[in-house]
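What follows is a pair of complexes built around chain A, which joins chain B in one and chain C in the other.
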Partner chain A sequence: MTFWEKIQNIDRRWIYMIVALCIIVPLLIPFNSKTYVTEPTVNLYKKIDSFSDKEDKAILLSFSHDASTMAELFPMEVSILRHCFERNIKVFLICFSPPSAPLMAYALNVAKEDYPDLESGVDYCNFGYKPYGLFLPIVLGMGDDVGEAVDTDADGRKVKNLEIMKGIRNYDDLNLIIDFAASAAVFSWITYARVRFGANVAAGVTAVMAADNYPYLQSGQLVGMLAGLKGAAEYEKLVDVFAAYEDEQYSDGRNFSQEVIKNTWVPIMKKTISYTSGETNVQTDVELPYKFKQARIGMNAQSIAHIMIIVFIIIGNIGYFLSRKNKNEV
Partner chain B sequence: MFEILSNIVAALLTLFIFSFLYKDNPFYRFAEHLLVGVTMGYAIPLVYTNAFIPFVYQPIFLEGQYWLIIPSILGILYIFRFTKNLSWLSRYPIAFGMGIVGMGVPMSMHSSVLVQMRNAMRPIDNINTLIIFLGTVTILLYFYFSKPHKGLYGKFTNIGIWFMMVGFGASFGYTVMARISLLIGRIQFLLGDFLGLIK
Partner chain C sequence: MKRQIPLIIVIGLGFIFVAHTFIPSRTSQDFYDWWVSWSKAISPFAVVLGILSLFMVHGTKIQRKAPNWQYSVVTLLAVFVTAFVGFVWGTDEGTPFLWLFKNVQMPMSATMFSLLAFYIASAAYKAFRAKSPQATVLLVAAFIVMLGQVPLGAAISRWIPEASQWILNVPNLAAKRGIATGVGLGATATSLKILLGIERTYLGSD
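Up next, the complex of A and B:
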């Protein structure tokens, strides 16, 4: 039996083992890799950024997934929340399925850990879990009055009495809805909130769902889209380079620039920065918290695993064609 | 302490599920059944406190909005789905639900058909619009079955098949990426939160 014939009959568990190693090693020994941002991610970033410091604009984050797809969607949720908190953007959260409720609270808690001054009901508001039967009444109702449609938040407070509601009445103000979904839930927001009221809709979806959403992106019905772990990694980078950027010149982040993003490489591992203190030049190591670079570290492993899968496909095809050739000769 | 315990339980259950990659076994089946049970156990009280209490019990029994008894009865009819003789009763709430879905048809037509058509009719002024035009026309021709796919017409429909294959390939590539991402997420948990090997 030749090598190629053996490869054709290899036990699939060996392949599982190799794929697992391709993921474990890059996670244990992380390295700095480049993340290239794509247009749908940049468009979403710029849209959110345009709401900075505005009293009469807010963003609604809708969570439509359970824990099984957390690996892809959780890093993008944390990144977008971090962006909103850095830029002083009002943000609301809502979910219509029971398993999404704890994930929504978890993402919010992880993101706001670094912003102790934020207040619930003032800077952000968690509407909490609403039964799916109320999806249509709430989505259509928010077109007239958000406070009336949602009624109470996760803590049981009357939404319209909250300070965050100053300047926020309907989709004219709550003008961007981002749905984090592992299903076709984004389509419902497009159908009811966009078509009926002209609200801007964006998607943070699992890679499986990305292909389904591209037609809506291409036709301009989605203002932006984060597709899977790659989309999350891109957004993490944009927040690092602009909204959360800090140095002597920019103490409060910097504005988006295509030139900056083209020329900036953000090391995800420990980096040394130098600054002048008095007359001395100080050098110090800074490291971003893991939660803000989780997707980019994950993409290291993803890249290695993809290369391995491509190698498997090539080897498998060579083996297939050689064994077919041998059979024909016999 | 709670975090350590919950991480141990989560890590064990993750390993139970992964054990299926070797072969089917009782640990995998235990974890699988536990997931279904826990999901239901979590959802029922959440729906009870967030749906039944505020939208049925409170308005009817505390606020006297008795007209809500009608939709409540309509909802209860769903339970008859589990009986052989009276299962027909469950069709009424389903019919009501379908009526509501019908409300979305004009809006779905707008977003999924009209806007997509409008964007497919743009002037062919760059390579992308040319590719979209070719793809749309040849795939539509492929799905026109009143003429045999032969000769020049067959060549056009073959181009449509190629476009579809590229589409399926992109979709499959994304699916592989998604599945690897989920594995990465679990391994990040096992190595990081559980074993503390990722800082």
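Up next, the complex of A and C:
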């Protein structure tokens, strides 16, 4: 038996061991890697950023996934919440499945740890878990009156009486809905909130679901999309470079610029990091805790895993063609 | 009667809701809202039905000592313990319920999902072969999209992420639209068959 024939029949357990090593080692020993942002991520960032400091605009985050897809979706949830908190954007959270409720509270708690001045019911509001049977009445009802449709928040307070509701009545004000899902849940928001009331809808989905959403991106029914861990890593970078950016010139973040993001390199593996912009060569020091760079660390493992799969496919095909050639010669 | 009454309900309500879609009046909307509010009553019944079904299936398995009956004991214990701590101490931050969720449910769910990586790698190695022109096109597309998803692709060439986006935006989109149109037409045809009483399999075989 030749080497290539042997390798064709290799025990699966060896493959599993290589996969485990390729994923675990980059997570344990992280390294710097470049993150390039894509258009759907930029569009979502810009849309959220346009709500900065506006009393009469808010976004709604809908959590439609369970713990199994946390690795991909949790970093994007934390990044978006961080963006909202940095830019003083009103944010509401809701979920329609019981396993999503603790995840929603967890993401909120992790993101707001660094913003001690934020107040529930004033800067953000967790609507909590609502039974799926109420999905349609709530989604349609919010088109008329958010306070009426949702009634109470996670703490049992009357939504209508909360300070955050000043200037927020229906989808004209609660103008962006972002659904985090590992399924086709976002289509319901498109069908009922987008088509019927003209609300802007965006998606944060697992990588395998991303391909399904491209038709809606192209038609403009989705204003933006974060696709899997890569989308989360891109969003983390955008928040670092713009919303959370601080130096002498920009003490409170800076506005999005395609030129800046194109030329900015964010090395994540230093406790104190530097931004180097191609044109101005600006440098600043920012403390970056793990929670705000976890997607980019995860991308290291994903990068190695993708390369490993490509190498596997190449080796498998070389073996296949050589074995076939040998058989034909015999 | 056993078949006729459900059939009348389905056909009657089906046509009413189709009509609602095309009648943009307040009365029509109010009727729809009133009807939708009834859906609140369905969820609690579904929960009761689900729990009963779970206990019947696993209870029978344990009673008969069916193969792997031990897993049924674990399932029922998990239901009891989780429900108990939830009812007694609540579900807020810092409660045993949330501790169970974070330290048992979350890692177990993530573990199950992450097993996919192992199966994909193994399947890619064992089965992803350029056996035909179609398979070769698929292989090349997979290469480009996989490289385009990671920083290495852009480091090799800026062309790779752009090609990856093109594959997702053009051929993928065309296929997805084709499938969506087919599904839409199929759903319309099936709905019409149900509304007209031609499709009756939902009534069961009795």
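Criterion: the second predicted complex is superposed on the first by the 313 of 330 C-alpha atoms of A that agree within 3 Å, B and C clash if a C-alpha of one lies under 4 Å from a C-alpha of the other, contacts with A are read in each partner's own complex, and residues count from 1 in each chain.
Note that in this section contacts are C-beta pairs under 8 Å (C-beta built on N, C-alpha and C of every residue); 3 or more make two chains touch, one makes a residue touch a chain.
Note that the structure is predicted; figures quoted are calculated from it, not measured.
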Ask   = Touch check for A:Ser303: first (chain B), second (chain C), both, or neither?
value = second
Query = After lining up the shared chain so the two structures overlap, which partner does A:Lys112 touch, if you call chain B first and chain C second: first, second, both or neither?
reply = neither
Ask   = Thinking of the overlay built on chain A, is A:Lys57 touched by chain B (first), by chain C (second), by both, or by neither?
value = neither
Key: Contacts of A:His83 with chain B and chain C, given as first, second, both or neither   = neither
Task = Once the structures are superposed on A, label A:Tyr192 by its partner contacts, choosing first (chain B), second (chain C), both or neither.
result = first
Task = Identify the partner contact of A:Met70: answer first if only chain B is touched, second if only chain C is, both if each is, neither if none is.
result = both
Task = Based on the superposed arrangement, let me know which partner A:Ile23 touches: chain B (first), chain C (second), both, or neither?
result = both
Task = Quick one: classify A:Pro99 as touching chain B (first), chain C (second), both or neither.
result = both
Task = Go through the superposed model and pick first if A:Lys34 touches only chain B, second if only chain C, both, or neither.
result = second
Interface residues of chain A shared between complexes with chain B and chain C = 16, 19-20, 23, 66, 68-71, 99, 101, 131, 133-134, 136, 207, 210-211, 215, 218, 228, 230, 302, 305-306, 309
Request  = Using the touch definition up top, name the residues of chain A that touch chain B in the complex.
outcome  = 13, 16, 19-20, 23-24, 27-28, 30, 66, 68-72, 74, 98-99, 101, 128-131, 133-134, 136, 152, 187, 190-192, 194-196, 206-208, 210-211, 215-216, 218-221, 227-230, 290, 294, 297-298, 301-302, 305-306, 309
Query = Which of the residues in chain B end up touching chain A in this complex?
reply = 21-22, 39, 42-43, 46-47, 50-51, 54-55, 100, 103-104, 107-108, 110-112, 115-116, 118-119, 132, 167, 170-171, 174-178, 180-188, 191-192, 197-199
Message = Quick check: in the complex, which residue numbers of chain A touch chain C?
response = 10, 12, 15-16, 18-20, 23, 33-36, 38-39, 66-71, 99, 101-102, 105-106, 109, 131-134, 136-137, 140-141, 207, 210-212, 214-215, 218, 228, 230, 299, 302-303, 305-310, 312-313, 315-317, 320
Query = Tell me, which parts of chain C touch chain A in their complex?
reply = 33, 36-37, 39-43, 91, 93, 98, 101-102, 105-110, 112-114, 117-118, 120-122, 124-126, 128-131, 139, 142-143, 146-147, 149-152, 154-155, 161, 165, 168-169, 172-173, 176-177, 180
